[in-house]
Amino acid sequence: MEHNPSQLAQASKVDVPDIQFVGVTKRFGNVAAVDNVDLSVESGAFFSFLGPSGCGKTTSLRMIAGFEQPTEGNVYINGQSVVGIPPHKRHVNMVFQQYALFPHMDVADNIGYGLRQRAPRPSKSEIAKRVDETLELVRLEGYGNRRVWEMSGGQQQRVALARALINHPTVLLLDEPLAALDRKLRREMQIELQTLQRDVGITFVLVTHDQEEALSMSDQICIMNEGRIVQTGSPRDLYDDPVSRYVADFVGKSNFFEGDVVDVNAGSYSIKSATGQVFSGFGSKGAPALVKGGKASIAVRPELLSIGSADGGNIDADVKILGQIKNRIFLGEHTEYLVECEGLGEVLVLSPKHIENIRGTFEPGASVTLGWMNDIALALGD
Amino acid sequence: MRLYSIAVYLFLYIPIGIIVLFSFNSGRHASDFQGLSTMWYGKALSNPFVMESLVTSLIIAFAAATLSSLTGTAAALALQRMRGPMRVLFDGLIYISITIPGIVIGITTLVALVTAFDIVNPILADMWPEGVKPPKLSLGYASVIAAHTLFTMSLVIVLVRARIAGMDRALIEASTDLYATPWRTFYQITLPQIFPAIMAGFLLSFTFSFDDFIISFFVAGPNTTLPIYVFSSIRRGITPEVNAIGTIVLAFSLILLVTAQFLLRARNERK
Amino acid sequence: MTDNKKGSWLTVALLTPTSMWFLFMLVMPMIVVVIFSFGERSAVGGYVASFTFDQYANLPARLKAFTNTLTFAPIGTFLSLIIAYPLAYYLAVKVDRRWRLLLLVLVIVPFWTSLLIRTYAWIFILGGRGIPTLLEFIGLEGIRMINTPFAVYVGIVYGYLPLMVFPIYVSLEKLDKNLLEASNDLGGTPWRTFMQVTLPLSMPGVATGCMLVFILLMGEFLIPAFLGGGKIFFLGNALVDLFVQSRNWPFGSALAVTLVIIMVVTVSLYMRLTLGGKNGRDQSLM
Amino acid sequence: MSKSYKDNMPITAKKFMEEFRRYEKGSVSRRHFMGVTGLGTAAAVLGSAMPSMMPKSAKAGSLGDRLIFSTWPNYHNPVNVENFTNDTGVNIQINAFGSNEEMLAKLQAGATGWDVFVPTNYTISNYVDLDLIQELDLSRIPNHDPSSQNPMFADPATVNGKVYAVLKNWGTTGIVYNSKNLKNGPTSWKDFFDLTMGEGSGHTIVHDYQLTTIGAALCANGHSFNSVDAGELEMAEKLLIESKPHLFAITSDYQPGMRSGDAWMSICWNGDGLQLNKDLPEMKYTLASDGGEIWSDFYCIPKDAPHVDAAYAFINYLLDPKVQVLEFESHGYATGDTRVEALLPAETADNEILFPAAKLMNGLEFGAANTLTDPIRAEVIARFKSA
């Protein structure tokens, strides 16, 4: 485990990750907010920390920024250890959750703030020029003289971005930057952030509890729980190959059928549920192997379930279970059914529009058959 | 509701009206209205004692307000980062110095200072070389300012601390994140943020000190503040001069307010 | 580590002036006064060292001052509250935004002339040539106002009204007007809306205002002296009298110590009751 | 007329801000800024209104530039004080006091900084005993002429053969009453208290310090004005407390109450009596047949006076007969100095309030030294006030 990234850095500059955590632990009192974390963020990546509140993602971000110092372990930025280095000496910048714009300064003064702290200080005209360029970058031309409180939420967000980006930091940190925006604006900003990141080529590190946000923007997502990293990977990896029920549950929606592992066969598992039915599923890539006799769940994504009439005749599936429709929600491009399956609990099914069009919809209360193919079912530990 | 409010404003302003009206009284006694005249303004303004006591009050109020703004702000900044028994001790002292009546501050300060001077002055006299007049500690500007500052400093601490507590900590983090050193963060971000509270503290302290009678009465030593002058004039037959002084002070405060408003507006327009 | 060390040095440096002030202007004077309170008055006035409880034993000689202070202070506070509240409510909720600031400033303007002079104006208004003369026109003769408890209460309410209006205004101003509409919308009569929504939400302001006024009234000296004609004695008056007329320092010290104890105990109790402990303290005092 | 009124203003707001900016940036000198903005004029006007603010270094001679003077309110002619300042360059700070006890309290607390103060006859020996005042060098007060002084009033200045004070003026303490409300005015302190608890209930003022109020009650009981006898004082306290519910006020500021008509009767010094009577003829000043106070006030120099030379010069100046005439016109008390009396209009000598008939004076007593410090009297008045 012990290696020295700065030596590596000298060996080949290109391979040095922008951010690297080695055995980082942060304790507040007796509580470990971050517990022995190793990770690295490649240069130019859009990297997200995802997890529920209190999982340690914000603390990790704050250790990169320098607001917190690790209790144990080492944080490297650009191959250099930054432990003990205060925030103002780190070449990273942050976009704060509530933006933290300076209320007593106008927009231009906010954006130029970082430049003004430089020694030697750039000339007034130089600062003004860079501020104008950055305003343009975030599409706020001409807003320089506005007071920050006169700006809308989305505009404030851009000012905060501009204030950080103007410094061309090694890494831009974003702490739940979209949390304060309404749904529609959030969607727009997600796209905008992604585009911006590609344009400026700076590494972005985002903290969010919103899986949709993380999935849609990031190259790499690090899912955390109780201070530890659960899984790191691309959005697709996480969705298709979650290493645990926790990840599958957090990334997208999933149905779980619990039971005991009764058979293990070359990466495929058989799990006996409470109803006595035996389901099989594949183990996930990168997940620890399940043990026979242990507890596990079969995970099936709702969009991969088929739904058909109670006689079960018209669906093509390896496994079929019976249930009764409890609730139905029409969502436009698909219909969402909540089906009560005796002994297995509630199962969520997403039925696409084109199929509904052909087959017709099921009314609440109707008895139905649910089915899936064995090769899409995953067997996951907790 | 509206009528009620008008009645309350009348209640607040009738005495003021009376003061102003009587200041134009040409008679010798405040409550004997004998005709309009501005003679008492002339008398008040040319009365060196009125002017001296006004200047004394201004000096004391300004010094107390400045001192308490500085020490109070410093203490509020320090206390905000402090925990444990020392914090509890300071909280207690602040609480007590705000709670105890001015009259008790005046008396305790008088008693303690007089006792202290009785001990220190002979020692000073002994220490000084023969033939040179030894310095002698006594009541005066320093003692009033110090006594006023005890109360006003705690006032500033409470005000500034509330402001710091209400301040977004992220602003400070944002500043350090943007390469500002702790000192630059302090004067570029923290100070402007808490400045309204410091200013409010300064003004409150100034007002308190300027209007204080009872503490000054005990510890002002040879100095006569305006309230002391007014008090002693009132006790043995008030003349319209006192009303004229009151009106002048009121007018002066109003002019200050309007000027401040004007300057603020000018600054905002520039922005 | 060095950062922490630097931080603690800074803390000490920032606190030094304040600590000096507390030590030399509060703690030591209180100690001296406590010592004095066990002494004796010298033959010509002043203090003679001694250890006796005589001064404390003589406290009942000022019983009336205690009972006066402890009746006038709470009643005066209450009167200020019931007169200030509707005004604060009017300013915060009813009045047009454009006029609000002006009207607020108008509440403080009277404070910019000496309390002494303003109180003195009341001597005239309540005196024989003032309101009683007006009352004679409508046939009410022989009404005396000045130098009565009524006059003292008028002086108290007049002197402390703004201190009550401001905190209440602040807490009412923060109140979300939607809440009032919501309550009305849910069928609350205006009175019920007031009792169940407005009043509870303005309690912090009420508590702050009451405490400010109460603290100041407990040490009041000028208002009873001027408007009570020297007949209505508060502890403040008794104290001044002991130091500047009788020159009985030990007895004055004992009285001062007693007053401080009463203040600290009543105010702590009050805060515990209304604010539920420590956290409310800062807000409550301002 | 077509021009805007603004043209006549010393400076427009905009111009002021411009100038202020320039001043801030340092491109303008302070003098220029003051001149352009008119602040210089304002400062000059203010300065001239505050003569004491502008040190008169040209005139400041060997006397120094300041003097602290503690006296009673409305007891001096401001013109005199101003003239003295103009002549000598000594600025005078006046502290006003309402009772001798208060002056004593201040001096006992020490560190007053006073250079000259005005005590009443009966307090002087106390000050000497307490070592609070200094012996006067009369050669430094050439305007003081012992032969022109009425010894009856001037004598308390000499203690143990040494002169510690010089006479300012004298007066009596009697009763003022409103003859419209009280047809049969009081002639004694007994009447005073009887009327208070009877016909005039709710309309009487007594003083807020010990000597006169306790003295009046003592006289009403047939005792000496100056008694320190515990039994007699107990009776006096009883009378006072009994009368308290019937009082209008306990204050030495009795003129407003009398003038407004609220009060009908008060313990009164003759100078105030004179002032009241002059303005409102129904106000009658009378001495009580069963006793009362006669008093004289003095100039003294405290032991630790910081400006002794100025103090002597000031006292000497105030004793100049012509200056004393001006003083008299301001306060209305007889000076006890024949040189001054000679300069006053003839009718002054006939004024009964100023100079009461000898038979009335006979019952009056000078305040006794021990009343000032007596602990029982101190506690009696305090208990009465807080009862």
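We call the chains A, B, C and D, going by the order they appear; numbering starts again at 1 in every chain.
As a working rule, contacts are C-beta pairs under 8 Å (C-beta built on N, C-alpha and C of every residue); 3 or more make two chains touch, one makes a residue touch a chain.
This one's a predicted model, so the numbers in the text were calculated from it and none came from an experiment.
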Inset, instruction - Report the chain whose mean Cα position is at the greatest distance from that of subunit B. - result: A
Legend entry - Chain whose averaged C-alpha position falls nearest the assembly-wide average: B
Legend entry - Euclidean distance of C-alpha centroids - subunit A vs subunit D, Å: 86
Legend entry - Chain centre separation (subunit A, subunit C; CA means) in Å: 57
Legend entry - Interchain centroid distance [CA atoms averaged], subunit B/subunit D, Å: 29
Legend entry - Whole-Å separation of chain centres (CA-atom averages), subunit C against subunit D: 33
Inset, instruction - Any chance you could list the residues of subunit D touching two or more other chains? - result: 251, 256, 260
Legend entry - Touching two or more other chains - residues of subunit C: 124, 127, 129, 243
Inset, instruction - Among the residues of subunit A, pick out those that touch two or more other chains and give their numbers. - result: 86
Legend entry - Interchain contacts, given as pairs of chains that touch: A-B, B-C, B-D, C-D
Legend entry - subunit D partner contacts - residues on subunit C that touch it in the complex: 41, 43-46, 61-62, 64-65, 123-124, 127-130, 144, 146-147, 229-231, 233, 237-238, 241-248
Inset, instruction - Name, in rising order, each residue of subunit D that touches subunit B in their complex. - result: 13, 17, 49-53, 68, 72-74, 78, 81-82, 85, 91-98, 109-114, 251-253, 255-256, 259-260, 272, 275, 279, 304
Legend entry - Interface residues, subunit D side, partner subunit C - complex: 99, 101-102, 104-105, 108, 126, 129-130, 202, 205, 208-210, 244, 247-251, 256-257, 260-262, 373, 375, 378-379, 381-383, 385-387
Legend entry - subunit B - residues contacting subunit C, complex: 1-2, 4-5, 8-9, 11-16, 18-19, 22, 30-31, 70-72, 74-75, 77-79, 81-82, 90-91, 93, 95-104, 107-113, 115, 146-147, 149-150, 153, 157-159, 161-162, 165, 207, 211, 213-214, 217-218, 226-227, 230-231, 234, 238, 242-243, 245-247, 249-250, 253-254, 257
Legend entry - Complex contacts: residues of subunit C adjacent to subunit B: 7, 10-12, 14-15, 17-18, 21-22, 24-30, 32-33, 36, 47, 83, 86-87, 89-91, 94, 103, 105-107, 109-118, 120-122, 124-125, 127, 129, 158, 161, 215-216, 218-222, 226, 236, 239-240, 243, 249, 252-253, 256, 259-260, 263-264, 267, 278, 281-283, 285-286
